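Alright, structures below, take your time with them.
There are two complexes below, and they share subunit A, which is joined by subunit B in the first and by subunit C in the second.
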Partner chain A sequence: MYPRPIPQTAVGLRRAYMVLVIAILVLWLAPLFAILLTSARSTSDIAAGNLWGWPTQFGLIDNYVGVFTQTPMARFFANSLLITVPAVVFVLALSTLAGFVLSKYPFRGSMLVFAIFIGGNFLPAQIMMIPVRDLMVRLGLYDTTWALIVFHTAFQTGFATLFMRNFIAALPKELFEAARAEGASPTQILIHVVLPLVRPALAALAILLFTFIWNDYFWAVVLTLSDTVKPVTAGLANLRGQYVSAWNVISAATVIVAVPPVAMFFLMQRHFIAGLTMGAVKG
Partner chain B sequence: MSSLQLRNIEKNYGNYHALRGINLDVAPGEFIVMVGPSGCGKSTLLKSIAGLEPITSGTMIINGRDVTRAEPGERGIAMVFQSYALYPHMSVAENMGFGLRMAKRPKPEIDAAVARAAKILRLTDQLDKLPRQLSGGQRQRVAIGRAITRAPEVFLFDEPLSNLDAALRTQMRVELSTLHAELGATMVYVTHDQVEAMTMASRIVVLNQGRIEQVGSPLDLYRNPDNFFVAGFLGAPRMNFFEASVVALEEGWVRVSNPGAGVFSIALRPGARLEVGDTVKVGVRPEAFHLAEEDDGLAASVRLVEHLGRETIVYADATPLLSVGSDTGTSNVTIHLPDIVGLAAGASIRIAFDPDQAYLFGGPDDQTLSPPKASAI
Partner chain C sequence: MSNVWRRHRGWITPAIFILPAIVLFGVVIVASSLQSVWISLHEWDGFGPMQWIGLGNYEELFADPQFYTSLKNNVIWLVIFMLAPPLGLGIALLVNQQIKGMRIVKSLFFVPLVLASVAVGVVFTWVYTPQFGLLALLFSAFGASAPALLSDENLVTFAVVFAALWPQIAFCMVLYLAGLNSLSEDLIGAGRVDGARGWNMLRHVVLPQLTQVSFIAIAITAIGALRSFDMISVMTQGGPFGSSSVLAYQMYEQSIFSYRFGYGAAIATILFLIMLVFIVWYLNRIMRAEDRSA
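Moving on, here comes the complex of A and B:
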């Protein structure tokens, strides 16, 4: 039997494996735990150097309220949403359209277009930094949320198109032929046949894109200056400069910033349905 | 109920000729079955009629309307696929009404069409189910129902039964024939299954290498194949062939010789051109052989016996009968006996055939040279 079931392998090996797993898990989760712990500490504890011990007093509520009262985090948070949500929607729309055409309606040069979509992913951000900033300045978008929306839409669409094209290409060819034979236009095929069947792919892609764009720090720093447009990532970095001692508040802000991607995951989870194309074709 | 005309259909993939000069007239209400070996172009031709594959040249006319350049949806065709191709996220009713919904027809009309098709196909109780909740036979009926609701001019079937198991296939074959009789619709059906072709067709179209070899009623094709290919393609077990050389020619007859079968005479159709010394192919259907007496026919040794209950198929080696294109590989003659025979592998038998039941093929295209045989019906 291959692979061999784990209970059949040597006991020593199994124990070593468990120890290793736990060790990695602890290492991995320690920073997260530290942040959670710090976000519950009072300022006096931190000033006294009590970073790992039992807190003398809990500042949990004070810290989390402080994030919104003492810092401009609420503004950054709103900015992030205003950047991330439109960018994700635009990327999903564009990549589905491009993926549909590239997978089902080949034309002369379509492979080249596809190759450019993929190739764009390999351009290092550092190389594009100055040109993209100049471009945004000339477009009059520099230091607006649109700069980040446009940039992320443009540069995530390459990867997303690769993802969607491959997913749509894997749908049974007969479904498209059947729809075409029944007189459905390409737009009708896209809406009534493709979209319902690529829902799991769109959900997975939405989570990925949301996380990428939400967590982006580099472009947030390059393309924004003022607090009124900064997203949370750049905002958090600012916070550290201004409130050097308030690690508890910064930790609380960090935890708040981490919430939306997690929420996004649970929101999209119900769309992960295995075997959506089951029953379409024999086999 | 509509007619379909194909005029000089050609289709090239680069240098490869998929379809060559296809001409076919389908009368309203006909059930045309297209058969041929893999890669003969039968599915390509069907998809070309549907408009799913563009053709290189030629004209297609459905019900008097030139549809050569028309989109599939505008041709008045409905297609049933081998893999069913049901929309997996739609219920049976939504699947069947899809075409009408795309055409933005009023809802009452769609519901009525779906209900009517469901009734014909006994799917009324399944209308709310999803395709994955149905059995293979039900799925195929939904695919057929989807075609019926659109009330097309021509139904196109692409090997619709080949994914079903044997028992279901027999049942669906009968249902499809009944459906054809009920709807009186024009149907074009592609299959590689001889039984489907023989039992369902008004006329069979035999395709080979992108060409039509012969068109005719099933029995006509079976009794009077135009050439060696059609003779070998239709009939299971396959016709036996062996080579013989022409030793003498008479008015309306030819005497041929084969090392195993000896010298015998076969009737010749008028106008057949042969010369002494030519090599011809003699074809004998398995059922045209019979067991012979001690001193008659030719000697053979039995390799395998298949008892089918009421009849027996014997695979034997008749030495030195030289066979052509035997499909059993090991034996060179197949004999289909209409009763139970107490034979076992290794037995020595003598077999004979009536030269009147034999076929003669020759000339550059292996045309049939023996005269037409009277059809059974």
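Moving on, here comes the complex of A and C:
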């Protein structure tokens, strides 16, 4: 272990250490506390400039109810789910198939395909913005949730294929050799050998993809226009323009945008960390 | 028929499996990126016919003072973002203890990482709000008044980068924590026997084992810095007067607001070329590691 573990017996040192860590943590999360506190303030306090003193009245429920009833936030939230969930499912399917082939049936140029999948992932979004927007207009998908579903599916397939390929490549070779010796077809190997074993990888990948797609802002503003299709990120940016000084409403809306990925993270933390650090620590 | 199928199914099925991914990624991502380079050689408003102007857009771009402001800001992002790996390592070292309650502490340190960058942008706009924000509160505790960071041409980029650094540090910390947990106990033990402690231990025993992690942290941080768009769009929209714009934002502005798609494509192409340096560097190392393990 490095740094050297603080021994169980050094009670004083342990206490001092915890105090230090918590002090730094409080500073680290101070911006979030500020937003959470503000989201609980009443409009009259905000108007009176009472932002940090004791609130004269609490607006917690009013603010959150207000965000859902007076703004299209509920619609944005539903749109985000309608975009994110199908996109994640499609990416999982495509990348499992592609990753399986790239790891078990290498062909001429398969390393090049693999490199393009990885490299494409790091491209600046702007380099594909104009043609992608044009493509969606021509397909009649512009300003529909399908524009975002199709784009995110395509883009995330690059990263996800890298992920699935590495996971499948690390599975015990004997299983595949045995299956082939028994004359199993690629489809049978996929169904009976690969799918039962890749579940943990799919779980880790699903939560990462959910976070990436839910948090996307650039493509949301490039490919959608109407409130009826916009996801929460673009919606929040809009609300900022409309409720310029109503910081309590904006704060509540921000919290609503942040909650699903944070909740996912806390529910499936181990998978999330495993997914994110995959590849970083080996070698 | 069934004979042909049986002889070829060894490769036909895999080909069918991988085709959807290749076609979708090829059309939407790869072809679109190449097409942008082609568009950058044209004058185009996005509706009418494209008109060939050769390198005209690039000539105009290299004479545009806004281009140099954006480029300079990209460099500022890149340089300041390089603080994320060492700070992430710092926090990772701080919290890498097995004490009751540390698990939840670590998770709380991760939180900025999963927030949408739009949310981070709004949070920091609120922190920076003159008179009312958290920063103003901090300054007033010392009897001073906080500068209006987001409307000051000289400070605005630093204010936005600082906000963007927050989730980036969390990302590097996650990588380093994983790295610290896979250190070789033998080497650490040997270092301790040789009397290595603290900084010496870190410098000569720990960091050499973390080169792969550091490489990934630095490469992804650099690419992230150059890709910055969301925070600028949410916090400043490139303002005041374009002083906080970067190439990614300038491209968006020229295309979506001014309908100058050819010019926008030229800016995107330049940004792409700059990022290509980092992408190739990254790919090169990843693929070589791949060859070694294969």
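Structure notes:
The working rule: the second predicted complex is superposed on the first by the 237 of 283 C-alpha atoms of A that agree within 3 Å, B and C clash if a C-alpha of one lies under 4 Å from a C-alpha of the other, contacts with A are read in each partner's own complex, and residues count from 1 in each chain.
Criterion: contacts are C-beta pairs under 8 Å (C-beta built on N, C-alpha and C of every residue); 3 or more make two chains touch, one makes a residue touch a chain.
Since the model is a prediction, treat every value here as computed from it, not as a measurement.
By the touch criterion stated above, A:V194 is placed in contact with neither subunit B nor subunit C. Residue contacts after overlaying the shared chain place A:L94 against subunit C, while subunit B stays out of touching range.
Contacts of A:Q126 after superposition on the shared chain: subunit C is touched, whereas subunit B is not.
In the overlay built on the shared chain, the residue A:M111 is in contact with subunit C alone; subunit B does not reach it.
Of the two partners, subunit B and subunit C, it is C that touches more residues of subunit A. The residues of subunit A shared by its contacts with subunit B and with subunit C are 185, 276-277, 279-283. Those residues of subunit A that touch subunit C in the complex are listed here as 1-3, 5-6, 14, 17-18, 20-22, 24-25, 28-32, 34-35, 38, 49, 51-52, 94-95, 97-98, 100-102, 104-105, 107, 111, 113-120, 122-132, 134-135, 150-151, 153-155, 157-158, 161, 185-187, 190, 211, 214-215, 217-218, 221-222, 232-233, 236-237, 240, 247, 250-251, 254, 257-258, 261-262, 264-266, 269, 272-273, 276-277, 279-283. Touching subunit A in their complex are the following residues of subunit C: 9-11, 13-15, 17-18, 20-22, 24-25, 27-33, 35-36, 39, 46, 91, 93-99, 101-102, 105, 107-112, 114-119, 122-127, 129, 131-134, 137, 166, 171, 174-175, 178-180, 182-183, 185, 188, 201-202, 205-206, 212-213, 216-217, 223, 226-227, 229-230, 233-234, 247-248, 251-252, 255-256, 261, 264-265, 267-269, 271-272, 275, 278-279, 282-283, 286-287, 289-290, 292-293. Chain contact summary for the complex, subunit B toward subunit A: residues 47, 50-52, 71-74, 77-79, 81-89, 98-99, 102-103, 130-134, 136, 139, 146, 150, 163. The touching residues of subunit A, when paired with subunit B in their complex, are 172, 174-175, 177-185, 188, 192-193, 196-197, 275-283.
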